[in-house]
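Shown next, in structure tokens, is the structure this report addresses.
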Amino acid sequence: MDVHAAHNAVTAAAPAFSSRPEDIAWFILLLPLLAAAGITLIVRRSNFLAATFSIAATVTAFVLSFVLFLMFGVGDAAAVTSPFAWLHAGELAVNLGVTVDKLSTLMLLVVTGVSALVQVYSVGYMHGDRSFPRFFIGLSLFTFSMLGIVLADNFVMMFLFWELVGVSSWLLIGFWYEKESAADAAKKAFLTNRLGDFGFLLGIIIIWAAAGTVNFAELSQKLGAHPDLLGSLASVAGLLVFMGAMGKSAQFPLHVWLPDAMEGPTPVSALIHAATMVAAGVYMLCRVFFLYQVETAWPAALAFFGSISALDIIGGIGAFTALLAALMAIQQNDIKRILAYSTLSQLGYMVMAVGCGGPDAAMYHLTTHAGFKALLFLGAGSVIHACHHEQDIWKMGGLRKLMPKTFLTFALGTAALAGLPPLSGFYSKDAVLLAALDNGHPVLFGLGVLIAAMTTFYMLRLVLVAFLGSGRSEAAGHAHESPGAMTWPLVILAVPSVMLAWVPLGDYLTHHFFTDHGHVHGHGSEVISFGATISAAFGLVNHILFEPFNHAPLPAFLGTGALIIGAWIAVTLYWNAERDPLPKLLGSFARGMRNRFYFDEIYEAIFIPLHDLVARLADWFDRWVVGGLAVRGAHGSTELLGRALRIVQSGNLQTYTFFFVAGVALVVLIALK
Amino acid sequence: MPALTDLLFYGFAGLALLFGFLCVANPLSRNPVTSAMFLVLTICSLAGLFVLLNAFFLAAVQVLVYAGAVMVLFLFVIMLLDLKEEERRKLNKVALGAGTVAVAVIAGILIRAVTSAKPAADKLVEGTTKPLGRILFTEYLLPFEILSLLLLVAMVGVILLSKKELK
Amino acid sequence: MTNGDYYQLLKLLAPEWTVVGTVLAILFADLQFWRNRSVAWRSAGAASILSLGFAAAAGLLIWKRAVTADLLGGTLVLSPTSQYVKLALLGLAIVTAWLCTEGEFTKHVGEFVALIALATAGMMFLVSTENLLMVFVALELVSLSLYVMTAFNKRSPRSAEAALKYFLFGGMAAAFTLFGFSFLYGLTGSIHLPTIAAKISWHAGDPLTLVAIVLVVAGFGFKIAAVPFHLWAPDAYEGAPAPAAAFIASGSKVASFFVLGKLLSVGLPGVGGSGAWKAFSPGWLAVVAILATASMIFGNLAALAQSSLRRLLAYSAIAHAGYALLAIIGGSQPALLYYAITYAVTSVGIFGVVAVVENRTGNEDIAGLAGLRERSFLLSVALSVFVLSLAGVPPLAGFFGKFYAFAAAAKLGSSLGYWWLVALALGASCVSLFYYLQVLKQVWVAPVPEGQGKVAGGWVVSILLALLALAVLVTGAAPELLIRFLK
Amino acid sequence: MSLTPGLHHFLVVSALLFSLGLLGVLARRNLLVIYMGLELMLNAANLALVAFSRFNANLNGQVMVFFIITVAAAEVAVGLALIVALYRKRQSAHVEDLTSLKL
């Protein structure tokens, strides 16, 4: 079956809904909203119906997304948009429209797929919660907002859904609002995101004022024709837009909200903080990548940046975030927090890829990461559920036998995250490293390899401590496997974690971003049609497995090397730190190595100071900038404000009139200048 | 211009300013009644200036309404409240100083601004009853009618505010 | 002027006269028939008469919405836009009148409702003129009614104190405005805005022109509560009866913003100067930019320190005045009106919730909202919509209003000269989220205080609040619905 | 500035009178005297309008003064009623006693 045949087959099947793909996209967007409205208005009292509504809507959306994916992703149909006028006020004209192209259809699949699985999982996890329907309203609303971001064809619409994602995630993180920490975490997430959105909106307004449009396609076209359209603000505008991504994708220094957000229910963490919301920032950067392809230009006040481009800064921030978060992850004992920092680190990886000029690599990693990180979070949720909401890994242990399905899938997810060939994580990580190397960022490449080693280390530590050995607490000893509603999503998610990269996803994305540039890397240099892939799947496995090593050996070998080193350290340190049933077997091995202390010393000499430094920096920012100004401002700064205010707002009429008169005089004097 | 009107201008202007000063900052008395009486005198001096500006009708209204009705109201309230001399509380010198400076700056700004004004025409218009009445009931009919609403508000307001709330 | 013109005046201003007739009907009914009724009965009766009368006026407005007129030296200037603004004012007045049924702050509720109607009439005249004299008279009509309304709670000493501060501050502002008007008249020999516009540009550099601008803007700065002319606002918001505060925060704001925008764009277009970055030159743009900057910074910072809900709203109103001034700078009338109207709808809604909660709990602090989610779901949801809209969260109207206003300012001049103002505005609205979330935290997170039961307003008020919340949502999600009327 | 009184002379008197009124508003403590200061400011505006009317050779300014006087009369009535109402509550017409609303 060639491309056209596939396309025709799909369009023939489509009329049941509509012959126009953009209508399908609208329908996909509205389904979760309808579900949320339906639950709110009709079945608010019934747990069963609420879950059914929500899941049915999301699964339908997933199926439709798959149809679109076949049409646009695999079949090489041209991107379409279907705008309708939302607003025409003078020069400010905004159309609402959906963009259906390779990028958005892929992301649609990710969002609806993970969302559907998380919802099924939630039926088990949230069983017995008295606000069960409210939870599904929140999930549906969130899915709707997220799909809006994915499909938006202009900045204003994207920002609209961007904020809606903020609001709905605020509702979900603060779902257990009786818990003070959850309510605070929700607020912190919302506020920190707003800090980023401030820059985002300013960037949008600047772009609109300079280019006269907010539509992605038009902007891309205009920028292509006149690369100097944004004048000296080109790089500033790019960075301001990036600020939005910094908030959503939790890049330093706006990363502080993500670890705290783990106070929300675990399915929420899996959906929001692993696969979708935090990926929105990266997705947005990829969507507006054309903005970063213009000539670097700084206004006079920022001329000291010289030839450093916006992308360079983005790449630097991404790498720093990745490093920082990896260091933090090593220190955590809370299973969800380890995963949270790991997510941060991987997001930094993706942003770094964008900064290196590899949006395709970033999207590739985003896609694979969505699969295995959702798997890991849901696995963690399964563990937490089984251990009666115990989250400390040192109070777990020995879960391998008690929860075999969870263990197996969790291990697969870990291996994928660590980048074990031929699991999906290996290829996407390889693509990121290659992007750094190919585009002349050797330092970032080095950091990437280092972070890869650290990733393996902390993930393996988690698995070794939590699953192997024996139960270190009452709860862990009596853990039992979770119900089917929870384990099946794990099993299903394990499939893409393993096999996702066996379809030529990298080429697919490269093709989307760089068709005109001939700038192709990754495995294989031409687009392979889907049909051909299927037919030759097994034949290709061999090819796929070894292709990275042939094509660009340096990143592939170094990446694998990092994996081995990280694993080695983890095993050396933690296998023996356990009182697990295998001390005899491995005791001699560890003693034979005799250098466990050696690692400890290296660790103390290098990692702890580095970690402390970074942690202190992050903590300083958290406490004084985010906390002091926004979140915890209630205390010190408010006191000061109150005192200053008392001088002006004394209650005395004549003080008021004095300030009035002085105000008039001052305004005249200033304005006369 | 004949010298007499010049002298009259300086006379009325000087008196208006002197009485105005005595109204707001009388060094000898802090009694509100004194202030009110000096305000009456200021208003009458201003009426004199109005006459010099050919605004005869307004001069009359100024004396009748302002010096007559409005000031009577003031005096009435002063008597009603039985206000004694303003208490000599400790003055906040900083506040007073700041206030005086602010006023001086405003005065400076205003004087600088008004001395840049230029007379537009030197044709004379007579502000007598007839031309004023004509313009009032043609061009400015609508605001004139709205004044009646304003007076209604004042009436309702004053009755309700000054009445004692009966339990 | 012939008799035919008088007839035309009567005809063109039929909605206004209907409003005046409503005033008389309320006063008459209250004095003649309802003296022995309970206050609750009389307030509902007066609000019903007002609603009927205003509905009739609104009907007349809609019927003659396509009108344009310019009569009597600019004292009466009608356009479709002014008619739609009047419709909004009528709507706000109806909600305000029904708020009088929440809580007994006076026995003379008929007169209070009549004053609401009189103030509305003043606002309607204010938005349909291009003549300084008429602006002054209409403004005074509005102000005087609001002063009296503020003082209406004779049981509370704070009400009278607030009114007196409002009154004396307002009197001073009026004196400054009049002095400014006299300068404009002196410079141009006219009090008709288009004529002023034609002549004032000859005097663009004069100190007299600049001082006139500052004095006039100071007077309106008082009405819209822009720093540094804002100091009355927190006290008045706190001390006034809830409906009075609601009307000060809503109807009065809409009318004042409309007329200030008109005054500056129709009357003084040639003397704008510039407030652009590093290209500052004297003129009203510079003056308004200074006011906007001060308002956004001061309003938001002061709001952070508040524990009283009403004072928080007052400072938030000051900050919002700053945002709206950006629309004036941007010279976009639809942006300004969209902002002012949606803001007014939001404010009147919040004051509605405040009125109900205060009436039932007697607590005026933010903490008085504790656990509202379990005491009244409707009020909680409505309040959340209003507060999030004020914070500028899409898809609520507050977000779009801000976006539109800021975009208008950003687009002005060459090479984004006003970026500093836009950046500041965005930063300020970012900070503002903090104190708005404090309010929501009380509603959704704080536990219900001991011994506090359900909170519920009257059914009319409840329906109106729900409608207002819906309006905020709908106009935000589909702004075109509102904007098409304001162009 | 010549000694023959012209527009400038009247305007300077008006500006000085305005400032005197302002001084009264800012410096005096008695509400009634503060209010008298306000009246002085309004009168200063009136003088400026009449002077401009004379030297612009049209009557608009004078009509405006007519309206201002009327409005001021209504305002005085309301203002004094407010002061009376407040005096009943607080037994004081002193501006420093009016500070129960602050911050």
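When the chains are written out, they are named A, B, C and D in that same order, and each has its own residue count from 1.
Following the convention adopted for this analysis, contacts are C-beta pairs under 8 Å (C-beta built on N, C-alpha and C of every residue); 3 or more make two chains touch, one makes a residue touch a chain.
For clarity, every value in this text was computed on a predicted model and none was experimentally measured.
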Discussion item. By that same contact rule, can you tell me which chains touch chain A and chain C alike?
Written reply: B, D
Worksheet, complete the sentence: Set A-B beside A-D; more C-beta pairs touch across A-D
Worksheet item: Counting in whole Å, what is the centre-to-centre distance of chain A and chain B, each centre being its mean C-alpha position?
Response: 70
Worksheet item: If you average the Cα atoms of chain A and of chain D to get two centres, how far apart are those centres in Å?
Response: 64
Worksheet item: Using the average of all C-alpha atoms in each chain as its centre, how far is it in Å between chain B and chain C?
Response: 31
Worksheet item: What is the distance, in whole Å, between the centres of chain B and chain D, each centre taken as the mean of its C-alpha atoms?
Response: 6
Worksheet item: Could you say which residues in chain D touch two or more other chains, in rising order?
Response: 11, 18, 21-22, 25-26, 29, 34-35, 48, 51-53, 55-58, 60, 63, 67, 71, 74-75, 78, 82-83, 85, 96, 98, 100-103
Worksheet item: What are the residues of chain A that contact at least two other chains?
Response: 642, 645, 649, 651, 653-655, 657-658, 661-662, 664, 668
Worksheet item: On chain C, where are the residues touching two or more other chains?
Response: 133, 137, 140, 144, 147-148, 151, 154, 164-165, 168, 172, 179, 183, 186, 189, 207, 210-211, 234-235, 305
Item to complete: Please categorise the chain-chain contact pattern as a line, ring, star, complete graph or other.
Response: complete
Discussion item. Considering only the defined contacts, which chain B positions touch chain C in the complex?
Written reply: 109-110, 112-114, 116-117, 120-121, 138-143, 146-147, 149-150, 152-154, 156-157, 160-161, 165
Discussion item. Applying the document's contact rule, which stretches of chain D touch chain C when the two form their complex?
Written reply: 11, 18, 21, 25, 31, 34-35, 38, 41-42, 44-45, 48-49, 51-53, 55-58, 60-61, 63-64, 67-68, 71, 74-75, 78-79, 82-83, 85-86, 89-90, 98, 100-103
Worksheet item: For chain B, which residues are in contact with chain D within the complex?
Response: 1, 5-6, 9-10, 13, 16-17, 20-21, 23-25, 30, 32, 35-36, 39, 42-43, 46, 49-50, 52-55, 57-58, 61-62, 65-66, 69-70, 73-74, 77-78, 80-81, 83, 86-87, 89, 96, 99-100, 102-104, 106-107, 110-111, 113-115, 117-125, 127, 131-132, 135-136, 140, 143-144, 147, 150-151, 153-154, 157-158, 161-162, 164
Fill in: Residues of chain D touching chain A in the complex
22, 25-26, 29, 34, 95-96, 98-103
Worksheet item: Residues of chain D touching chain B in their complex?
Response: 1, 3-24, 26-30, 32-33, 35-37, 39-40, 43, 46-48, 50-60, 62-63, 65-67, 69-78, 80-85, 87-88, 93-94, 96
